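A, B, C, D, E, F, G, H, I, J, K, L, M and N are the chain letters, set down in written order, and residue numbers restart from 1 in every chain.
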Amino acid sequence: MDALTLIATVSIITAGLTIAIGSIGPALGEARAAAQALQAIAQQPDEANTITRTLFVSLAMIESTAIYCFVVAMILLFANPFWTWAIAAAAAPGTGG
Amino acid sequence: MDALTLIATVSIITAGLTIAIGSIGPALGEARAAAQALQAIAQQPDEANTITRTLFVSLAMIESTAIYCFVVAMILLFANPFWTWAIAAAAAPGTGG
Amino acid sequence: MDALTLIATVSIITAGLTIAIGSIGPALGEARAAAQALQAIAQQPDEANTITRTLFVSLAMIESTAIYCFVVAMILLFANPFWTWAIAAAAAPGTGG
Amino acid sequence: MDALTLIATVSIITAGLTIAIGSIGPALGEARAAAQALQAIAQQPDEANTITRTLFVSLAMIESTAIYCFVVAMILLFANPFWTWAIAAAAAPGTGG
Amino acid sequence: MDALTLIATVSIITAGLTIAIGSIGPALGEARAAAQALQAIAQQPDEANTITRTLFVSLAMIESTAIYCFVVAMILLFANPFWTWAIAAAAAPGTGG
Amino acid sequence: MDALTLIATVSIITAGLTIAIGSIGPALGEARAAAQALQAIAQQPDEANTITRTLFVSLAMIESTAIYCFVVAMILLFANPFWTWAIAAAAAPGTGG
Amino acid sequence: MDALTLIATVSIITAGLTIAIGSIGPALGEARAAAQALQAIAQQPDEANTITRTLFVSLAMIESTAIYCFVVAMILLFANPFWTWAIAAAAAPGTGG
Amino acid sequence: MDALTLIATVSIITAGLTIAIGSIGPALGEARAAAQALQAIAQQPDEANTITRTLFVSLAMIESTAIYCFVVAMILLFANPFWTWAIAAAAAPGTGG
Amino acid sequence: MDALTLIATVSIITAGLTIAIGSIGPALGEARAAAQALQAIAQQPDEANTITRTLFVSLAMIESTAIYCFVVAMILLFANPFWTWAIAAAAAPGTGG
Amino acid sequence: MDALTLIATVSIITAGLTIAIGSIGPALGEARAAAQALQAIAQQPDEANTITRTLFVSLAMIESTAIYCFVVAMILLFANPFWTWAIAAAAAPGTGG
Amino acid sequence: MDALTLIATVSIITAGLTIAIGSIGPALGEARAAAQALQAIAQQPDEANTITRTLFVSLAMIESTAIYCFVVAMILLFANPFWTWAIAAAAAPGTGG
Amino acid sequence: MDALTLIATVSIITAGLTIAIGSIGPALGEARAAAQALQAIAQQPDEANTITRTLFVSLAMIESTAIYCFVVAMILLFANPFWTWAIAAAAAPGTGG
Amino acid sequence: MDALTLIATVSIITAGLTIAIGSIGPALGEARAAAQALQAIAQQPDEANTITRTLFVSLAMIESTAIYCFVVAMILLFANPFWTWAIAAAAAPGTGG
Amino acid sequence: MDALTLIATVSIITAGLTIAIGSIGPALGEARAAAQALQAIAQQPDEANTITRTLFVSLAMIESTAIYCFVVAMILLFANPFWTWAIAAAAAPGTGG
């Protein structure tokens, strides 16, 4: 198979697996933090504000790893530098590829 | 096999696996948060409002990772940029592919 | 093997695996939430209404990930865009494929 | 091997694996919910009605994921759209396949 | 190898694996429910009737997933639609296959 | 290799794996139920009859999944429908196979 | 390789794996039941007879799954129906195989 | 490679793997039963005789699964019926093989 | 396939897998630290400042391993030294490659 | 490769793997029994003799499974019946092999 | 493929996998240490200084293993001795490679 | 590749894997026994002598399985009977191999 | 591919995997020891010196296994004896290789 | 590829994997023993000497399995008997190899 098809193929597979695998950790992690926050609120209702604020900061940091994966998947689908190069190379086959 | 068939094939497989694998983490995660919320309500019924509100915010964030996967699967099935290109290239075989 | 058979084959396999793998997480997750709800009812029978309501909202959100998988499996079996294209391309072999 | 045999083969394998893998999660999940319900009844016999009702609703939702898998397996065995197409195509080989 | 042998082969393998894999979940699940029921009886002997009745309903639902697998295995061995078709096609090779 | 040998081979392998894999779940499951029954007897010796009766009903249901596997293994070894057909087809090679 | 050697080979491999895999579950299961019985005796020495009798019945049922595997392994080694057929077929090559 | 070498090869591999895999379960199982017996003795020194007797019966039953594996491994190495046949067939190549 | 395509392909796959696998550990780790911090706040509300500060330092260190992975993925996509060399070598094929 | 080399090769691999895999279970099992014995001594110093004696009997039985593996590995290395036969067959190539 | 491309390819893959796999252990490990430190502060606020100091020393040592991996990944990408040699060998093909 | 190289290759691989895999069980097992011994000393300082003596006997038996693996690895590297034979056969190629 | 490239390739892969896999155990191990030390300080602040000293000795021994891996990885990258030999053999092709 | 390169290749891979896999068990094991020792010191500060001494003996025995692996890795890299033989055989190709 030619280079363009190959790059397209692996980009599709990698984009899907990246976000699929990359969503397991953050989903379980956010659930753990949220579950503990709910337990903490039940234990110390007077500290609900501090607990909620700390929870949101933590969720943001955990979500960041999911967003890294989503960013990479989006880059692979819509801003893939190798794909850009391959399209250009296919249009001008004499310069490379 | 030709390029169009290959891209179609890997898009189908990747779309299915992405949502299949990507639903494990959020499902288990939401269950954990919900289970803890129910325990918290049973422990502190007076804080049911705060607990339910925190639970819904958390469920939304956990669900977001499942939605990332669903979005990628839908993009692969219905708005696949590589497929669009391949269709165009097959219609004009002289320009690439 | 030709393109139509290949797309049919991978669609069958992917549809089955998607719903099979995708049912593990929600089934275990809903069980966890339900088990905790039953424990909460036994602990605070007076809050049965709040607990049951929160449980049903949670079950709905967890079930949503199973439904994502079911939707993708049904799309692959009955509304597969690549299959539609392949049928059309096979009827008019001169335009692509 | 020809297209009909291939589609028959993957349909058999996929149908079996779908229901086999898809029965693990619901079986374990229903067991967890039922076990907790039994514990709850032993803890609060007066709430047996509420507990049993909540249990049956939960079992129904968990069983739904097993039924999704069973439905897909039955569709693959007895109402497989690709098989229908392949039989038609084999009867009229000039139109596709 | 010819189509009939191939379909026979994959039917045998799939039937065996389906019931083998499909028996793990229900066996462990029924054991969990039964173990909890025994514990509940020991804890609340006066509720033995309610507990036993709830246990039997739960066992029936869990057993249903094992029966799904057994049904699929039996269908594959003794009422396989693809095998029926293949036998017919082999008897009249001019019509398909 | 010819069809008869192939069917014999996969029947042997599948029969062995089916009973081997299929014995893990029931063995662990029966052990769990039995262990809990022993604990329950130690906790409530006066309920030994109820506990033992519930245990035997549960063991029978768990054992049923092992028996499903054993039945399928025996069918594959001694009453294999595909093997019967293959023997007949080999004796009359003109009719199929 | 010829049919006889192939059947001999897979019979050897399957017999070994069947008893090897099939001994894991019963061994762990019997250990669990026995461990719980020992704990129960230590907790209620007066019920040692009931506990021991229940234990032996349970061990017998758990051992039954190991015996299923051993029986299948022995059948594969010493009473293999496919091997019997293959020997007969090799002695009279004109009738099948 | 010829039939004799192949049967010798798979016999060696299967014998080793059978006893290796088959020793994991009994070793862990016996350890569990023994550990619980030691704990029971520490808890009820007066019942040391009953506990030790029950332990030895349990160890014997657990060891039986290891012995099944050892017996099969020894049969494969020193009393392999397929090897006996292959040696005889090689000595008289006109009768089979 | 030529060198440029191969390097592009493995860069895409590796970038995706690196951030996908690399996000599991930090996500779970940050969740654990955050969950414990929430529990600690609920236990000692007066030490919320010390706990929050220690939490943020820890989160920063755990996040650093995710950032290592993100940096490597970005380097592979946008500053890949081997890709730079391959482009240069393809432009001047006489000097290497 | 010839028969002698093949048998030597698989004997080496199998001997190593047999003792390597076969040492995991006994090592963990003996550790569990020993750990429990130490705990039991700390709990009931007066029963140290009974505990130590029961421990040694248990260790001997657990060690027996490791010794089975060691025996098989040694047989494969130094008293391999198939190797003996192969050496003899190679010395007299006309009689078999 | 030529030597330069091969070395570039395996360097890319290895660098990515090294930091990806190597970040799992430290991330989980630092989280465990940090979580315990937060619990310790909540338990003994007066020892916050000692706890924090010990925590930072521990984090530094755990982080060191992540840094080992990062160093190796960076060496493979930017200071790869084999790549340096291969470039030199390609420039002077007569001396080796 | 020739017989000598093949035997050397598999001996190297098997020796390494044998000791690598074989060190996991004993290391974890000795750690468990040692950890329990330390806990027992903390619980019953007066029994330190008995505990230490029982610990050392147990460590010796657990270490024995590691030593089995080390012995096999050393035999494979320095006293390999198959290597000895292969060297002899290579020196006298007319007698076998 | 030639010998030099092959040795370079496997050295790169092995160096990366060695430090990546080898960092999991020490990272988790050091975290466990550090976490327990922090708990011990919180429990017995007066023994902080003894605890910290024992912790550092333990961390040093655990770190040693990570250092073994790092040393082997560095040897493979910068002091590889086989690479040294291969370079020498390539410079003097008549003497070996 | 020739014998020397093959032996060099497998020696590199095996040396790396041996120490990488072999460091997991000891690292985790030493951590467990050290963690328990720290807990024991916190529980019984007066027995710190006995605990520390027992800890060091245990660490030494656990470290021994890591050292076995390191020794085998070093032997494979720097004192490999098969490599020594291969070098000698390559220098005198007429005698073997």
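Keep this in mind: contacts are C-beta pairs under 8 Å (C-beta built on N, C-alpha and C of every residue); 3 or more make two chains touch, one makes a residue touch a chain.
The structure presented is a predicted model; accordingly, all values stated were derived computationally and were not measured.
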item	value
Given subunit H and subunit N, the chains that contact each of them	none
Centroid distance [mean C-alpha coordinates] between subunit J and subunit A, Å	48
Cα-centroid distance, subunit B relative to subunit K, in whole angstrom	31
Approximate Å spacing (C-alpha centroids) for the pair subunit A, subunit K	21
Set of subunit J residues in contact with two or more other chains	11, 13, 15, 17, 19-21, 24-26, 28-32, 35-37, 39, 41, 43, 55, 66, 69, 73
Graph class of chain-chain contacts, one of line, ring, star, complete, other	ring
Direction subunit J, origin subunit H - full chain order round the ring	H, J, L, N, M, K, I, A, B, C, D, E, F, G
Of all residues in subunit B, those that touch subunit C in their complex	1-2, 4-5, 8-9, 11-13, 15-17, 19-21, 23-32, 34-39, 41-43, 45, 48, 52, 55-56, 59, 63, 66, 69-70, 73, 77-78, 83, 87, 90-91
Sites on subunit M touched by subunit N in the complex	3, 6-7, 10-11, 13-15, 17-22, 24-26, 28-33, 35-37, 39-41, 43-44, 46-47, 50-51, 54-55, 57-58, 61-62, 64-66, 68-69, 72-73, 75-76, 80-82, 85-86, 89, 95-97
